[in-house]
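Per-chain residue numbering starts at 1, and chain names A, B, C, D, E and F are given in the order in which the chains are listed.
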């Protein structure tokens, strides 16, 4: 649907190469009241995640006898997008809350906490494309910050197609004007993809290329998550590619 | 128990209901079943039964796409479809269902939205696809995507003309032009086995549900993974290939109905 | 409120005589998952009814210690009318759900199922006038199909006044453009009227005539219900009058 | 106990409160009780107390009736009216109440909707009747229908003119023209006895409630049967006759208030 | 924000002096079904209050083990204002319900009724400025009418600033077009202010003057409340000042 | 226990956290933290953390103020801010918070609403202030009022022109003009002691919360008393004086940030 050129002489509008991530900053333990938390910037995305639990689930009839219930909420601040959006949840919010939950669940030992809930609340303060991936990346760090044991960290990154090229980590305009968006979440140690959606059109070959590129992005982000958890803070400078 | 029964069958390369892993249940497609809707269709996938209705009206375009028609897909799980469904506003599952069907149609560019603009910035066609689940027996996405498409195929678009900035109805209509026929194929994973067209029981024990929507030219035009388990790269590739293989069979059925 | 002629030379716009029912088709047992079900066509009405129960009622505080709770929902598919309607329940839907419940309740032995619920869900797939009557007719068959004992079948039919004439079984345009609409539900064996509403204007004499005509219609439909229950399927051809 | 008390009285042709079966409680009607509403009235039916307010504004007509005013009737059961009423959105009972009142006014064609059109297709009078139940002691339909009508009788319609396609308010108003006075009479059936104007206790044990709305000329302009029991043909005819007899008495009271 | 003159030659638009209350009528025990009730007119305000309780609180999980829960609802009839308003609660209604609860709570012995609720329902039939004060005045009488013991009656009255003058008891137009509105509730015997809000702009000196004036108004209204409770009915004629 | 600890400290003229009765916690103000909003700011008041975002659009004015911009203030208690907050629509507390912040800005006439009118009666600027509570540690009103003001200070208003009755955007913006800086100071009363800037624990045991909003010239532009206890005249005067004294200190911080 695009008319505007998104890649000019091999360079994307924000100056990146096809296989380059946006600058990323991750910080754990940013909220005093939450059991765990993380703040993430990826390009102009600003996301804060708070984790509560394992804790007693209310109302009790929703509790499960043999495992914890993982609850996720993806929520956008009214000022996070242009024009301002209503604070009431949209259908998109509902779907994203669900796919984020599905992306995180394989990493957790829910069976260890019968009758409990683990609550992951994602607040999008500013949205700039690929927010569901960034939310999963941040939530993963917040879960570790909460002291909740995990099988592996879940790292997430999108790939996509713009101006007929497969590229990494779509920003807002690339998502809206581009030809395909492929958000992926991955547990690198376990080799499992836990989020996989696609919008737009890709040939099977392009899909293969885009999936591999997204996984490279996930691996890179995985390293940043681990650094952030070691030092409580990590910032990846500009101009670093995924390879 | 249910789990064991299903697993035992799968271990022998079979399904509980006797099907092979790559077999769909019987598919019945009826188009144009309602007179009052501009388009309609009913689809049976085994005992799963879905109706899709298309209503076409005139309304304002979205601000950022002033010369494009508006498409809205909505799904309702009626309480007659299962003893566990309750009446009420759409929940997470029905919202996801509608959005996956919507994405397939939109990404394949099956409808030329610019063609269905009447007065740029002022009046465009508004196309509602409403999906009504009448009986739930598994694999609602494939059934619903198929019903939506069949309903679009049967759709007659009432004609309007722009006269002095106003929209006037003409007493005429013409078939909706469809440029593609995107087919959704859902693959389930149980104990590491991949299957197509899962039943309700299979869905209950399934760790992953992965829907691949394939267009006429064999391109992928939507993906949706769901469920609490992950997929390996190998499994993803297999599932994609299954979809690429199955989609033309189903499209053929659709075209012959 | 009418301008258009609805009866021309003694014949209604759809070709019927004043005392003629529209073609009717009734089929029981059409839904695998429901405890009982029925599908009904009456003119262009397309209605499907699912019945569940007697079953445990949730939430429990709504249960009654000495009898079952009958719950009815009248619901129109968004594409059932022109223009498309919102799927959210309207005030009309709420009222119709209530009058349908009141029409069916006298036929049931609710006192036999303390703490339980019997749920009747009506889905209007296409609406063409007198849908509340058609819903009751179909629900009655679905209740029997569910194996729920009944004092009598409830048969329902409307009468009304169009172009100054009392006529049977109003269709959509006759309802909207006509002078009165009188929907009636009746238990023929017990001689009890369980639904009676009126909209529009009738003299006492016209009311008597219309009520009697509606009851004749109910008797005719009662026969069709019984046939449908015997053979699981019945279709009444075109051009058969209520007498 | 309550049931027994009521039944015993009825068996002797009397009511719990000493009334005869065909007697209404004391009716008090006050019109024009509020200054800010375009019309208002308060009705007491024994201890049942209802206020109706009429607000008149200007708005768009419905698409299918472009030259007709819009009427909306709404009822609220305020929580002060009974210890069992809870604050909240309208439930089934208050929706039914509003719709039965609405039907009586509409079917009797008491308001000439075409007269209250300002610019066809663009601007018409919008008339809101809001019914507010202040104390519940049975027979809300009759009390509310009466209050609505009394409020309409007291209504002053602000004048507007169409000037160059725009609506301009004039600093004037005139009484709403009412072409009919439809009266609702509700008949209850307890143990086979028919009574009018049931109390709250009688409503609790009543098997059927049957409301007949009668216009000035003695025609029937709305019916509503409710409750879990059926009516015989004989009972229906009796109830209709009761209403035809009672309505003029109540209309007289209304006109004299 | 005002243009129109609100005081002309020392006289307000409705003929009052700066320190004069509007005519007031208070009547207790007006609702048969409520445990206590009161009706109040103040200028063109028409307010009716019903009180229920102490009674068992539903749902039970909201009950408090050591005290009663006081619940207040401020609700405007759709026809109480111009233009007609929706019956759904507005944000203003929610805030006013809360401040009315806070204004009444200090007068009650909630600790005497553990697990119970006391419910105060305010219905505004016609609104003409300073309705929150009038609601508190009426609610106080309704609470006594319900036989609920109180530390003191709560009397409420607004002061404000219009055309640069501090005045008593703002009516609708004075509230909308004036420069400040200061609603106050007071327990005269205990010397405690239980409602105090302000909208608009006052210098500290003006605030002092307005607060004192409002308290004089409260004292006057307190007398009327006591008279009303003695005789079940009181009406204060026109033209009586607060001094 | 918590109560006793706090009371014991107050009896010795101190706070649980070592502050004096009239000391605010550390205040940090960051303006312009978001690129996509027209204005934004983040405020820390000790551990209380609040973000305010300003969005500016164009819309219709209210009918009774046809030549004035529209201001809407909204507050959300996000569930990350406290283990006891639940997601959902605004409750009584967040509505009160938003309305108190709104009142301070409106009463001080900090924004010249008439200046931000584009076409009288048709198009005006619509200014949304959304307050997002990220961590709750007491005194949300003061923190939110401060964040809202700081966000307004950072706001760039996109320029529009009226051309032939239509609104056209220009590719330019200019800072929002603020004519005043109203500061909210909340005073709490515990056991008869007045304190400023209460923590969450102090709020739990506080009988009264009294917020005084003070403008640049030392006038009072909003008051809000809350909580289940009353205030004496003496306490009200003291609280006003505390606010008149504290407000300039906080305003200075705001202007220097």
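Criterion: contacts are C-beta pairs under 8 Å (C-beta built on N, C-alpha and C of every residue); 3 or more make two chains touch, one makes a residue touch a chain.
Keep in mind it's a predicted model, so treat the numbers as computed, not measured.
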Partner chains that subunit A and subunit B have in common: none
Chain whose mean Cα position lies farthest from subunit F: C
Chain whose mean Cα position lies farthest from subunit A: D
Which listed pair, A-F, D-E or E-F, duplicates the contacts of A-B in over half of its pairs: E-F
Centre distance in Å when subunit B and subunit D are each reduced to the mean of their C-alpha atoms: 48
Inter-centroid spacing, subunit E versus subunit C (mean Cα positions, whole Å): 52
Geometric centre distance via CA averages, subunit C-subunit B, whole Å: 32
Junction residues of subunit C - those touching two or more other chains: none
Multi-chain contact sites of subunit B, meaning residues that touch two or more partners: 90
Category of the chain touch graph - line, ring, star, complete, other: ring
Circular arrangement of chains, read from subunit D onward through subunit E: D, E, F, A, B, C
In the complex with subunit E, residue positions of subunit D that touch it: 34-37, 40, 47, 49, 51, 53-55, 57, 74, 76, 78-83, 87, 89-90, 128, 130, 132, 134-137
Interface residues, subunit A side, partner subunit F - complex: 31-35, 37, 44, 46, 48-50, 52, 55, 73, 75, 77-84, 87-88, 119, 121, 123, 125-128
In the complex with subunit B, residue positions of subunit A that touch it: 91-92, 94-95, 97-99, 102, 105-106, 180, 182, 187, 190-204, 207-208, 211, 215
Complex interface listing, subunit F residues touching subunit E: 90, 92, 95-96, 98-99, 103, 107-109, 210, 215, 218-233, 236-237, 240, 244
